[in-house]
Structure formats: structure tokens, C-alpha cells
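Presented sequentially are two complexes of chain A, the first with chain B as partner and the second with chain C.
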Partner chain A sequence: MHLWQHWSWQIDGWIIAAGVLCAVASSLLGNFLVLRRMSMLGDAITHAILPGLAVAFFISSSRSSVPMFLGAVIVGVLTALFTEWVRRFGHVDEGASMGVVFTSLFALGLVLIVQAADNVDLDAGCVLYGAIELTWLDTVSVAGAEIPRAVLVLGVVTVINALFVTLFFKELKLSSFDPSLATTTGFSAGLLHYLLMVLVAVTAVASFESVGSILVVAMFIVPPATAYMLADRLAPMIWISVFLATVAAVSGHVLAIEVPRWFGYRSTTTAGMMAVAAGALLALAILFSPRHGVLVKFLRRRRLAWKILADDTVALLYRLQERDPEAATDPNTLRGLLLADQFSFRLVLAWLRRRHYIQRHDGQLRLTRPGRHIARQLVRSHRLWEQYLTSFANIDAARVHDKAERLEHFTDRSLRDELDAATEGAEQDPHGSPIPVERSEPGNHSDS
Partner chain B sequence: MSGDDRTLRTQPRVQREPFSASRRLRGAALILVLCCNLSTSPCVFAHYSPSGRVGLSGPERVSWSARPIAALLSPALAGELLTVDTAGDPSRSDRSLAGRSLDWPTWRQLRRVLLLQDYNTRVVVLGTTLLGCAAAMVGSFTLLRKRALMGDALSHATLPGIALAFILATLYGGDGKALPVLLVGATISGLLGVATILVLRSLTRLKEDTAIGAVLSVYFGAGVALLSIVQQMREGNAAGLESFIYGKTASMGRADIRLIATAAAACIAGCVLLFKELKLLCFDDAFAGSRGFPVRRLDITLMALVVIVTIVGLQAVGLILMIALLIIPAAAARFWTERLGRMFLISGALGAASGWLGASVSAVFSKLPSGAMIVLVCTAMFAFSMAFGSARGVAVRAFKRRRLNRSIDRQHLLRGLYELLEESSTADDANAQRHEGVRLEALLRKRSWSRPRLLRQIRRCQDDLLVQARGNRVRLTRRGVIEARRLTRQHRLWELFLIHYADVAPSHVDRDADAIEHVLEPEIIEELEAILSRSGPALPASPHRLDQPDPVPPAEGS
Partner chain C sequence: MSSDPAAATLPLSVHDLTVAYDRKPVLWDVGFDVPPGSLVGVVGPNGAGKSTLLQAVMDLLSPASGRIEVFGAPYRKMRHRVGYVPQRESVDWDFPVDALDVVTMGLYRRIGWCLPVRQKHRDLAIEALDRVGIADLARRQISQLSGGQQQRTFLARALVQDADLYLMDEPFAAVDAATERAIIDILREMKNRNKTSVVIHHDLQSVPEYFDYVVLLNMRIVAHGPVAETFTPENLQKTYGGRLTLLDEVAEAMRRRERSL
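And then the complex of A and B:
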């Protein structure tokens, strides 16, 4: 396979290491951004750090990384601060205040840089231009081993973030879900908020420097969002997001090498493909998440709709026969009365016939004995509810039908008995129809 | 600094050359591409270099073709920058770092710009003004619909569409850089991005901001990956593609202006024609739905307007500027009025003004890039509006609050005085005036106010002839007694109302009444009187003890 022929741990290993570290560091914090509805902050910060870089360059007159890093982090935190101020003092909503702040800072940075950097190579191994592919070229030696600088920096940031999340887990959790409760229990949610902002800025700048801006924003948001689709508790959510971030980073690099080859091109950018891989994972989670997945929810809803249609069908047959034993009960008439679509109705009829609830006699549908039994239960539930609602909930008799229609599907024997007791064994519902009598066994008694 | 700077400046990118030694490695091909591109470009920051400006020097300065391919590698930044010219002109290349000063224009230059005498200036100023107006008008709806960042997501989401359109057009033998092709690609993928956001928001448990962020970054990532492919294509010349995509304010031409004018007119017309519907959509979409308005279709129309203005703007002025124009003027206009119609007009005017001013400033000062200047003018307007806006500005609100606080303090003072007089059983008017006054300490104990604050308030009331202060004692004047009676009466009526009708314990009513007494209108007082059937000027006794309002449960009401 092409991939392994050209694989080099020297290069690809370090690229993946940088990618994974960046992804993990970002998504650790990203969980809290997503939960606090501040997802766009990562985006805003990565855009807004430009003036920080420019000013750092003005002051230090050098392109060394440390002042740039500091400048960028300071402006990153200022972005969060300004956004908060505009939101609070100007009563501008969060998204708009963020938009105002980061575009302004970006424009300011642009003007400053144009003033400063006529032909100066401000870039120089540094901040704005992330190229994960070049990670392995720029190494520093740590304890005798040559480690890429980006990996080192990101490693440190990852450790800091992991420590932050572990040490302040309880506080972060509380302040993410209920900031005012957090403040009343005695620690400052505001302080924690700004600590989080500082770390977000540090992470954004560190990742930005080594792996590029798209990747940071994608990793801040997408793996935590995926985890949010899969988990309902904070700790599992964080673990899942870290795992997914790792998967996205590794598969992103592999895809970047493999996919373009299918179309006859060389590899493409790893950062871009990592974002795409993370996006693909999110799409999968959205579709197939066992609890919150779109597909699962759709199927669940479909099944419920069919079950209700089946209930309605037998109940309708019961009512029609109750009113007029000779009533036409051919499928098309029924379908018209039930307002069901062709497919669902056929499916439901097939199911009902397989369970022997209904049978066909010269084109007419008839309830079997077990069918009549469940139909009677349904109709009894319906009419008991109507009676109960009119007498106890003061609902007009003309309007109880809809409510009873909903409740009848979820009413079991014990609830029916309770309703019966509450309505003092009423024999008629408010519309004058008889309430069927409860019978325990299907079919041992002759039906009326 | 100069020594260091000179080495910086003279250090060519070719220093990356040693990397070529590693070609045998697997990553070599990739690295090679990167290195080549880096060495063709003076530096990445060259994209930000200054001479990309509008105006005076005429179009010959604007040499977009020379924009390096390396920009494709950092589209995240290069793409978002506007109006920046890479190559610059030779006369400027020797400018030293120290030369940070702006070249002040002569009067003649200034007049030429302001009177739009240059063709280039005229075109650019007209274009940015129109665009600013249209974007700001559309933006005022998206702002109120709380979709401000939608423009952000949308403009990032256009990238894969542009790259794909280029690839497909080139593969099928067309001109990949033809504007219509790119615009169609951008529109389709931008709309797809917006649709994804809306679907994510309505079908999943993800919140709006998360949906926007996820779509923005994933689409943009895909775009970057595709652009890297575009670069490797032998067919078609990708050079300069991003300038079609990401703005070329300085080199706008007649065709661009026509496009911008058409799109702007369409957007403004759309907003005006659908004004009522969009207004309803922004303020109460559920109500709009119940009145039979096609909410979903209106929403899509609004998004389509955003798409049109964004995409036209993107290729004319750049990504960040577009986001800024969509958000900032509308947000600024919000400070001036509470009515949508006015906000719409003010926002349009602010947008147009910042387009015009920004472009003009950039034309006058050679070192200021026009896109960034437009944003900064917008920001300045926003800052001014936020500070001094007549409806919701910080200053106005602070002023109103101060006035309210003062009037509350005055009412507290008067009532406090009156209640103290009442305690010493001299509460009828004549006695109150003859009374030698209340000691300051007694007043201080009455509420948690500081001595300076109390003194200030006494001085103010004295100016209005409501009280007289003599030494350590304060007494009410005739006017003061009347006013104090009225206030105390309001307070007690409300207390009685709370006790009798809201079942609030007598020990708790004081604080509730305290909060509301200042905003009770005469009509409400009349109503209270009617309810409590206590007509006439008689003043009910306090339903709770006055000396120790809180700790001791007071006797039952009067």
C-alpha cells in the first residue's frame, strides 16, 4: 500500500504527534466552550490576535517567538474581555458583540502590520502561518532527544490544559451549568471564566503557530460537539472528545496522504483534512448516535407513529361496528378516515393481520376476538379520559376529544381502573357514547 | 533596532533551501511544493505589505498578478486580508522599517480624493459605499434575528465551493477563473453551509453557536484541502485565484462596480419590499407563522439576501470586511433608535458612510489599506454610537439611571423625615413645620446611606425648598411636608395592598413597597385607593412598626 511504502516515522510520526496534541489540547477546553455556548470564541480569538503580534513586534523589534506569543495571548484575552464589555454595557447580543470585536481587532492588526512590516519577514517560523507538514523540520533538543518545537510547545499546553480540567473539574462543571450557583457556593465563576479564556488564547496561539488556524477552530468545536451528541454526562463527554480528537488527527493525516492519490494528485494539507475528518465524525455521530442521533430519533418517532396508527385503526373499527355493524370497513374508507398515507397504512394492516387482530371478509376488515379486546381497552381509555377531563379538569366537552386521543395510547389497566374510580363508574362519556366494560381475558366472553 | 531589522529584511526565503536535502523522504514532494512556494514569495507577510491602496497613484500600482501562489497555502490568512498588494512597487521596496510615519497628503491630493476626480478612486469609493449600504441594511435584520455570525460562517463556507468550481471547470475544459463559475460555486457552497447550520440547529441538540462554529471550520478545512489540490493541477492557472475570491478593493473595475451595484440594488429592494414581513420575522416569528406568513420561506429569503451581498462583497472586498459590514453598522444603529424602520435607515447610512470614508482615507494616506480602514471607520462609529447613542447608548443610560437614583434618594429622604416626625407624634402639617427638625443621626440610622450621600441629598432638597437644614437638624418646609405626605401615602397604600391582596406578611411589605413606590403613577394610586376604599387625602398609618422595620414582627395592620 502506498501509504506504508512512503511512511516515515521521522516525518509522519511527528506530524501526527503535533496534530494529536493540538487536537487534544483544544478539545479539552472546547468542551466547556460548547457547553457555555461560547464556541465562536476560538474563531474570534484566532482572528483577533493580529494586533497583538504587530504590537509585540513594534515593542520588541524582533521576530522571536516569545514576545509574539505573549502579545497574541494578551490580545486573545482582550478579545474575550471586550466581547463581554460590549455585550454587557452595550446590550448587544453575544454573537454580534463578538463579530464587532474580532473584525475590528483584525483590521487594526492589519493596519499596524502594514505600517510595520514593509518588507520584513514577520512570519519567520512563527505565529500566523501554520504548516503542520513542516513540524519535524524545526527541532529543539530536550534531554538529548531531538523533538520538534511545535510538539514540545503543544505538549506543554496539553499538559497544562489537562491539569486545569482535572484540578478544576468540579468548579468548571458547576460554573458551566449554573454560574450563579457557583458564585453563591463561594468560588468566583468570573475568575474561572477568565482563566478559561487565558487558556483558550494560549492554546489557540500555540496551535496556531504550529498547525494553522482552521485546525484550532475545528478542534475547539467539532470533537466536543460530537461528544455532546454521544454523551449526557460531562466526564464521559470530555473523554469521548479527547478520543475523537485523536482519531480525527490520525485519520486526517492518513486521508491527506491517501485521498488525493485516488484522483491522481499528490497529498493535500493535513490540517484541512483533519478538520474534514472531525467533521465526518460529527456527521456520523449526528446520524447514528444511540440516544440523540437524527436517524435513531427518526426511527423511534416512526415506530411510535405506526403503533399509534395501529391503535387508531382497531379503535376505529370498533367504533364503526359499534355504531353500525354493517358499516363499510374496506381499507380505503378506513384510510380516508384515518388520514394515513398509503405506505404506513399498508404496513400497519399487515402487522395487525399477522398478530391476528383483524381479518378480511370479502374486502371488509373485521376485528378478531383479540383485536376486539385491545380495541375495547383503547376505546374505554379514551372515553374514560373524556369523562374525567370534563368532570375534573373543567375542559369543555367539545374539546376533550383531542386530549383523550393522545392519552389513550399510554393508558394501562391500573390507570383505567383509577380513572374509573375517579369518574364513579360512569357508563357514558360526555358525548353520550357508552364506556365499554373492562374485561380481563380476550375472548372468553361472547362479544355483544 | 536597525541592525536586527536589516538582517530580517535582507534575509531571503531561500534559506529554506537546505530542506531540499530531504527529498528522498516520503514527505519530500509535499515539502518541495511548500519550499518552492515560499521562495517565490518574499515572505508570507508580503501579503500584508502596504502599497495596495486605492487612489492617487492610479491603477498601474496595483499589480495583482504578482500575488504569490504561497498565499494559497495560508488562505486562512491571506484570504481574509483585503486590498493588499504583494509585489509592491520598486520605489517602495527600499523603505526602511523606521519609516512608520504616514505621508501626509497635500491639499491638492486631498481635494482630488474628496471630489472623486480620479477614476480609480471614484470606482472604489462608489463600490465600497454601495456595498456598505446594502450589507448594513441586510445586516440590521440578521442582527435582530440574532444571526449576526451567520455571515461569518457563510463566507468561510464559500471556500470549498470556489475550489470545486475551479477544479470542475478546469477539468471540463472551461476557464476556471471565470467570475460567474466561481460565484456560482461560492453561492452553492455558502448556501449549503447555511442550510447545514439550520438543519443542525433544528434537528439536533447542538446549539446555534456550536453549529456555526462546526460548519465554519469544517467547510473551511475542506476548502483548504481542495485549494491544495488546485495548486497541483497542471491544467488551468491557479495563480491569483484567491484574489478573485478574497477581495481586490484597490483594483476594482467598472465590471465589479456594475456587479456590486446590481447586487446592492437587489438587496436593498428586497429589504424594502419585504420590510413588513422581515420585521415580523425578526421580532416574533411564531406570531408571523400564526398569521399565515411563510416563515420558513422568509427565513430563506433573508439568508439568500445575506448570501448575495456576502458573495459579491467577498470577491470585491474580502472576508473580514464583509463580516464587519454585516454586523457593525447594524449594531451601531441599534444604539440610536428603538424602531426598526429608523434603525434600517441609520444602519444603511452608517454602512455607506464607512464605505466612503474608509476608502477615501485609504486613498489619501498611502499606507493605510482600504479594507481595514473601512472596518476601522465602522468600529469608530460603533464606539461613538455605543457611548453616545440617543436611545441605548451607555451615556444616555447612565444619565437616566443617575436621574432615577437621585429622585429615589430624594423620595427616601422626604419619607424618612416624615416618618421620623410621625414617630414624635407631630405629624400634622402645622406641627411639622413648627418642629425644630430631625437630627441627622436619626436620619442616618433610618437607611443604609452614607453621610456624604445624605448631606448631598439634603443640599439638593434645600435648593428645591423642600427642607431646611440648620446645624445638625433638618426640617421639612411647607412644600416638603406636602410632598412627603404624598410619598408616604403612596408607600403605605402599596403596603396595604400587598398585605390585603397579595398575602404578603406585614414584616416583608416594606422592602417590596420601597422598590416600587418611586414608579407609581397617579392612576395606579387612584386605583389603589379605590381598591382599598380609602378615598381622600387621609394618610393611613404604617402597617408595620417604623423604628425597627425588619427584625421584629410588627403588629397587625391598621
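And then the complex of A and C:
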């Protein structure tokens, strides 16, 4: 296998560490950006801090981290402020005001960086895409160990973000869910908002060198958005987002090395592949999520359709035999009457036979005693509904059948009893057919 | 005023309150007192400034002028004595929390910054959910609750706050009959414990049955007082008979003037 031939923990290990820390730090905060419907503000801040970096560089004329951090964080918070001001005083909606603010600041940043590029190696491309592959080259020594600077910085930021989310978990939950309650009970929603913005800016700066300004947005938004589909409480959502971020980072690096080789190319950028992996996880969640997943919804609808077809089949058998005990009840006749497709009908018949609701006699289908019992309940529900709807909802007797046909599948014993009481124990439906009486047990008494 | 001992016992007292959005007045010179232990209905047409009034009481917006006292002091000193039930539509019901989480939020102020929610808080929340009759739904994600159950969750959240003054923004809007009954039972029970509720209400027919004090609002106070004396056809005619068109006109004139400068 190619992968392990060129694998070096010294290089790949540190790249993965940087990727995981960056993804985890971002998605910790991203949960709240997604829940506050401020995903775009994360995007805006990560772009807008560019002039902050450039100005900090001009002033300090060094690439040392501290002025860079300060400059970026200040501009990051200003972005949030400007956006709010432009929205309020310019009378435009939040999206438009964000668009104005961050493109202007980003452009200003680009101009400044291009200006600066003559005398320094502050590279615009690097700011956009990052250089995670070079992580291992620039190390600092901590307690005798050589650690890449990016990993150290991202590690510290991850710890800060984790502390922030843990300590202010309940405050963040409240102010994201109901900002006015938060403010009126003394947890200033505005304060938490700007704290969050400061940390978003800090995380964005720290992630710049590794994944660049565009891809850090993916890490802010995509794992939390995926987790949102999979969890229905906040703490699990955060855990899932952290897990997904880790998976995306690790698989991103592995795939960046592997996938291009399948097509005969050299390995591609890890940061890009991390974002692609996160996107793929999101796509999987859309398909397979247990509650909102496309597949689950499809299966659920299919199962309901089959359940209804099974109901219709036994009810039809009941009616046919009620009218004429000798009526033809071979599968093909039934299928024609039910307008069912071949596959579904076979499946439903097999299920009904396995449950011993019907049996086959000389090519004819017959209801068994338990089958007859559930059929009688269905027909009773149907006719009670018809009676009820014609008496109380003023629905024409000719049209009432279709409505009752839908409702009968969702009517249980207690609802039938209520219907019975409401229709004053009617014995016939509006078409003159008898309403079967309620019986609790399928056995012991003779039918028909 | 605040040296007056009677004023300190008034749950809510509003003086000369004017609120304007973008120079357009929403509340104009509003003033009224709410007697302790009363069940107050705030009634008025759409756009009369009813929600704005509650928001102003809770310092959620800054009024152009006027003064509001809660138990004789500014709101921020008395927030522990005020419970708020916002409009149901004001929050995102797809938020990943369950009913119990939402109710516990009413206890956050008492728990304090950075400290976690503990078992005794959850017990209190369950108790409140039980009082509104949905303790069995405590662990249900809030989007899975019906409209009435969501409203009850909000009510339970206000109950755990154990406040003396409750401000409710249309708790009866679009709820089923059983929930309406449950809410009014709780309101009466609170009244019996000498707690005050100020409730924005839309259904005029039920006002005499539900409330004992009424504030008729349409940008300004049309009338306020005990229901029997205040809730009269003439006052309702004045409340719903139309906006103060002259005030609108003068506001428009002010805007034009500003633009021409």
C-alpha cells in the first residue's frame, strides 16, 4: 500500500494533529454559530480579519504571533459591530450588511497584503488555503520537546474554546435559544455574543496558517450542521460535532494522499480534503440520519404504504365474503381490485400468511380467524367514520368513502368507542351496510 | 415617589412612558399602576404597542422618555422578582433541547454564572412541568410538542422562576381549550398567593371572565382599572376605534423636517 510507504509520524502525525485541533476548536464554537443562525457571521469574520493581520504586520514589522493575533481579533470584533451598525443604520437586512462589511474589509486586507508582499513573505494564497503540509517545519521547543508552532497554538486555542463551551454551557444555551430571557434574567446576550465573536476571531487566526481562511469556515459550520441533524439535545450535538470534526481531519489527510494516486496524480492538499471529507459526512447524514434522513423517511413511507395495503387486503376479503361467501378471491382478482403493484402485493400477501391472517385454499385466499378479527375492526372503523362524517361533517354520502378509507388505518379501539358513542351506536353506515360489532378476542365465538 | 411606602408595594408602575422606533411613536405618554395580587389583562388592537410595553418594562429597549418601577425600584434591581413568558413564536422550536431543559432555564439566574444544573434544579423543573400537566413529556424534544404543550412549557419555565410579578405575552394565542383552561387555573392560583400577572390578551370576550383588572392600550392608555368599571363598550370603542392619526401626522411632519435640514 502506497500510503504507509511514505508515511512518517514525524510529518504526517503532526499534520493530522494540526488538522484535528483546528477542526475541533472550530466546530466547538461552530455549534453556537449554527444554532444562532449566524453561520455567515463566522464566514464574514474569518475573511475580514485579513486587514487586521496586515495592519499588525505593518505596525510591528514582524510576523510574530502576538501583534497578529491582536490585530485580527480587533478587526474580527469590529466586523460583528459594523455588521450590526450597517444593519441598523443602513436599513438593510443582516445578510446584505454582512456582505458589505466583510467583502470591503477582505478587499482592504488583500490590498494591504499585496502592498506588503514586496518586502515580506506574507502570501495571499497561503492566507486563503493555508499550508498545513508545512506544519512540521516550524517548531518551538516546549519542555524539551520540539513541537510545531501551529500545533502548539491550535492546542492552546482548543483548550480555551473547550473551557469556554464548558464553563458557559448553560449561558450559551440560554442566550442562543432565547436571548431576551437571557438578558432579562441577567445573562447579557450581547456580552456572550461578543465573547463568542472574539473566540471565533481567535480561532480563525490560529487556523489560518493551517487550513486558510476559506476552509476554516467549513470547519466552523459543516461538522456542527451535521451534528444538528443527528442529535436532539445540545450536549450530544457538541460531542458529535467534535467527533465528526476529528474524523474529517484524519480522513482528510489520508484521502489527500490516497485519492489522487488512484488517478495517477500526486497527493493533493490536506486542508481541502478535510473540507471535502466534512462535506461527505454531511451528505451521509442527510441520507442516513435516523430522524430526518432521506432514506429513513423513504423506508417509513414505504412501510406505511405496505401496512395500508395489508389492511386493505384483509378488509377487501371481509367485504367480498360478506357480500357473497362464494366470491372469487384469487390473488390476481384481489390485486386488480386493490390497484396494487405486483411486488408490493406479493410482499404483503407473504407477510399476511406468515402472521396467519390469511390462508390459501384451492387458489382462493381466505381469512383465518385472527385475520377476520382485524378485518372486522377495520371495516367497523371505516363504517363508523362514514356514519360520523355524514352526520357531523356534512360530507356527501357519495364522497365519504374516500375519507373514511384514509382514516380507518389510524383508528384504534378507544377512538372507535368514541365514534360509536358519537353516532349513538348506529348499526348501519350511510350506504346501508351493517357496522360490525366490537369484539375484543379473535377466538371462542363462531364467525359469520 | 419611591419614598412613598405604598409605591414600594406596587408590583408595576409606569410613568409617562414614550417609546419610538425610528421616530415613529409606538407608546405615547403611557402611565398606569398595577395593584398587587391582581390579574391584569392588557388589551388593544394590533400594533397598539402591547409587546413593546412589556419589553420596555424589562429593559429590553430604551424608551425615549418615562420611568418604570417594579416593586418601587428599577427593573435591573428587581429582576429576581419578575417572570417572563414570551410569545411562543419568539424562539426557534427546532433548537436541540427538551422540555425539561427549557424549564430549567428559568432557574439559571438562581444557579448563577458558570455553575452547572444539578439534580435539585431538575426536580424543581419536573415539579413545575407537573403543575402545568405535562411532566410525562419532560424528556421530549421541543419540536415534538404540540402548540399547547409548548405554551405550557413556557409557563412552567416562568413558574420555576418563583417570581412575584409575571409578564406574559399572549399566552392564550393559538392554544387548545385544555391548555387555555390550565393556564387560567394557574393564573388564578398565583393570584390567590398574592402574585401579580400582567397578561397581553387578544380575545375580548373572555376578558371579564379571566381578569379582574384591565389596561386598554392603543399607543396611549385609553383606560385602566377594575374590569367591571373599565371594560365598557365606550372604552372599547375608543381603544379599537382607530389610531391616533394626528400623532402619526405630527411624527411624519417631524421626519420630513429632519430630511429637509
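One rule holds for everything that comes next: the second predicted complex is superposed on the first by the 291 of 448 C-alpha atoms of A that agree within 3 Å, B and C clash if a C-alpha of one lies under 4 Å from a C-alpha of the other, contacts with A are read in each partner's own complex, and residues count from 1 in each chain.
Heads up, the rule we're going with is that a residue touches a chain if its C-beta (ideal position, glycine included) is under 8 Å from a C-beta of that chain, and two chains touch if they have at least 3 such contacts.
A quick note: this is a predicted structure, and the numbers were derived from the prediction, not measured.
After superposition on chain A, the partners chain B and chain C collide with one another. Of the two partner chains placed by superposition, A:D311 touches none, neither chain B nor chain C. Within the superposed three-chain model, A:F168 lies in touch with chain C and out of touch with chain B [touch as defined at top]. By the document's definition of touching, both partners, chain B and chain C, reach A:Y228. Applying the stated contact rule after C-alpha superposition, one finds that A:D429 touches neither chain B nor chain C.
Of the two partner chains, neither chain B nor chain C is touched by A:E386.
When both complexes are overlaid on chain A, the residue A:D420 reaches neither chain B nor chain C. Once the two structures are superposed, chain B and chain C can be ranked by residues of chain A touched, with B on top. Of the two partner chains placed by superposition, only chain B is touched by A:V114; chain C is not. In the superposed model, A:M273 makes contact with chain B only, not with chain C. Contacts of A:E408 after superposition: neither chain B nor chain C is touched.
After superposing the two complexes on chain A, the stretch of chain B that clashes with chain C is 490-498, out of 418-426, 436-444, 454-462 or 490-498.
Of the residues of chain A, those at positions 37, 228 touch chain B in one of the two structures and chain C in the other. Taken in their complex, chain A has these residues touching chain C: 35, 37, 167-171, 173-174, 176-178, 180-181, 183-187, 228, 231-234, 236-237. For chain B in complex with chain A, the residues that touch the partner chain are 1, 4-5, 8-9, 11, 13, 19, 25-27, 29-31, 33-34, 42-46, 48-50, 73-74, 76-77, 80-82, 84, 88, 92-93, 95-97, 99-100, 143, 146-149, 151-152, 200, 203-207, 209-210, 212-214, 216-218, 220-226, 228-229, 232-233, 320-321, 323-324, 326-328, 330-331, 334-335, 367-369, 371-376, 378-379, 382, 386, 392, 394. Residues 55, 58-60, 76, 79, 82, 84, 86, 90-92, 95-98, 101-102, 105, 108-109, 111, 113-114, 116-117, 141, 161 of chain C are the ones that touch chain A when the two sit in their complex.
Interface of chain A with chain B (complex): residues 5-8, 10-12, 15, 34, 37-40, 42-43, 47, 61-63, 86, 89-100, 103-104, 106-108, 110-111, 113-124, 128-131, 133-134, 136-137, 212-215, 217-218, 220-222, 225, 228-229, 256, 260, 263, 265-269, 271-276, 278-279, 282, 286, 292, 294.
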